[in-house]
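Below is the structure I would like to discuss, written out as structure tokens.
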Amino acid sequence: MPVISIEAGKMDKNQKEALIQSFTKSASEILHIPEQAFVVLIKEYDSDNVGAGGRMLSKVIAESGPMPCP
Amino acid sequence: MPVISIEAGKMDKNQKEALIQSFTKSASEILHIPEQAFVVLIKEYDSDNVGAGGRMLSKVIAESGPMPCP
Amino acid sequence: MPVISIEAGKMDKNQKEALIQSFTKSASEILHIPEQAFVVLIKEYDSDNVGAGGRMLSKVIAESGPMPCP
Amino acid sequence: MPVISIEAGKMDKNQKEALIQSFTKSASEILHIPEQAFVVLIKEYDSDNVGAGGRMLSKVIAESGPMPCP
Amino acid sequence: MPVISIEAGKMDKNQKEALIQSFTKSASEILHIPEQAFVVLIKEYDSDNVGAGGRMLSKVIAESGPMPCP
Amino acid sequence: MPVISIEAGKMDKNQKEALIQSFTKSASEILHIPEQAFVVLIKEYDSDNVGAGGRMLSKVIAESGPMPCP
């Protein structure tokens, strides 16, 4: 029944699958709850919809060059 | 002022309206708060963005045949 | 795998159980997903931690008399 | 490290930037935490996915004429 | 109907009220939605329940001296 | 800037620290984002406030014997 969420930028299908597997496996071991009980929700944000330190992430990226984020 | 959220797969407009009406009506009765005070937020997920039991839901569906989910 | 959340004021155990049963049953019927797949999370707030219309709920209540909320 | 979220209807880029700047600046001053520590997440909803007072927001709008919402 | 949430450390009642007023006022002006429509939810975390940069916030604070956080 | 949340039952301080370290490390590797950018939020629920399959978790546990959950 535990629910794990990640709110981040856009990602590809392999990254999503890796996050689901990794989060579930480690939380299952740490909390001693079977993997079957876990739900993982991946929430992807456009960089216009994220603020970091008071600045729109899309502008931070535009000024600093490309990087994988947020 | 109570906020009810549902995080699920894609759904059609009739399902959304039925959820809004049903959740609001029953919570209003149980909590003795007027229906006018409730907010309902429906969050639809692509099946690549949901993990169930450590597996990506899109793969669970592909292997088990079509079903309405998550 | 769907996750239903309600964010509201303090409630008693019977209200919690009624919300869990009601939300799960109606969402199961509307979305055609088995009840077993649903998670419900109840998040209770102190009335100092809720704002309604720009005012702290504890003050709204103090001025308008007791009511079950938010 | 504080995380501020707003769940609302569709908005334009200038509105997003104004929300990020305003929320971060005021929370930084009130909580005495540097602006650099804040994350803001903007979650835009289609008006079919929001319920207000038990009614789908898209229908409330259709009946009452255009208004900026939710 | 918009919902604004802040997830942060413990705060006092005056800080909560200031956040509610400030967030509601600025979002109302930016989005052109009446203040009456807004809900604000304040979620306070114990510093053991927050991770910053992969470290438990309570340990970061213990090593760096007191500061208002997270 | 990514935010990882886990909503689960009560846990001890060592479990919290292990979750923070594990989630941050694996997400940092998968998304190619520095660990410093991550926030982790741990939300602990009383078993009366969780529904699993339409039943209150505290009752599921009472009937099935003790287990670490949700």
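Order of writing sets the chain letters: A, B, C, D, E and F. Residues in each chain are counted from 1.
Following the convention adopted for this analysis, a residue touches a chain if its C-beta (ideal position, glycine included) is under 8 Å from a C-beta of that chain, and two chains touch if they have at least 3 such contacts.
What you are looking at is a predicted structure, and each value in this text was computed from that prediction instead of being measured.
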item: Longest centre-to-centre distance from subunit C, chain (CA-based); value: A
item: Chain of greatest Cα-centre distance to subunit F; value: D
item: Pair from A-F, B-C or C-E with over half of its contact pairs in common with C-F; value: C-E
item: Whole-Å separation of chain centres (CA-atom averages), subunit D against subunit E; value: 15
item: Subunit A and subunit D: spacing of chain centres that average the CA atoms, whole Å; value: 21
item: Centre-to-centre distance between subunit C and subunit A (centres being mean Cα positions), rounded to whole Å; value: 26
item: Sites on subunit C at which at least two other chains make contact; value: 1, 3-4, 7, 19, 23, 37, 39, 41, 50, 52, 70
item: Contacting chain pairs - touch in the sense defined above; value: A-B, A-C, A-D, A-F, B-C, B-D, B-E, C-E, C-F, D-E, D-F, E-F
item: In the complex with subunit A, residue positions of subunit D that touch it; value: 4, 13, 16-17, 19-21, 23-25, 28, 35-44
item: Subunit E-touching residues of subunit B, taken from the complex the two chains share; value: 1, 3, 39, 41
item: Of subunit D, residues touching subunit E in the complex; value: 1-9, 11, 15, 18-19, 22-23, 26-27, 30-33, 37, 50, 52, 57, 68-70
item: Subunit C-facing residues of subunit F, complex; value: 7, 45, 48-56, 59, 70
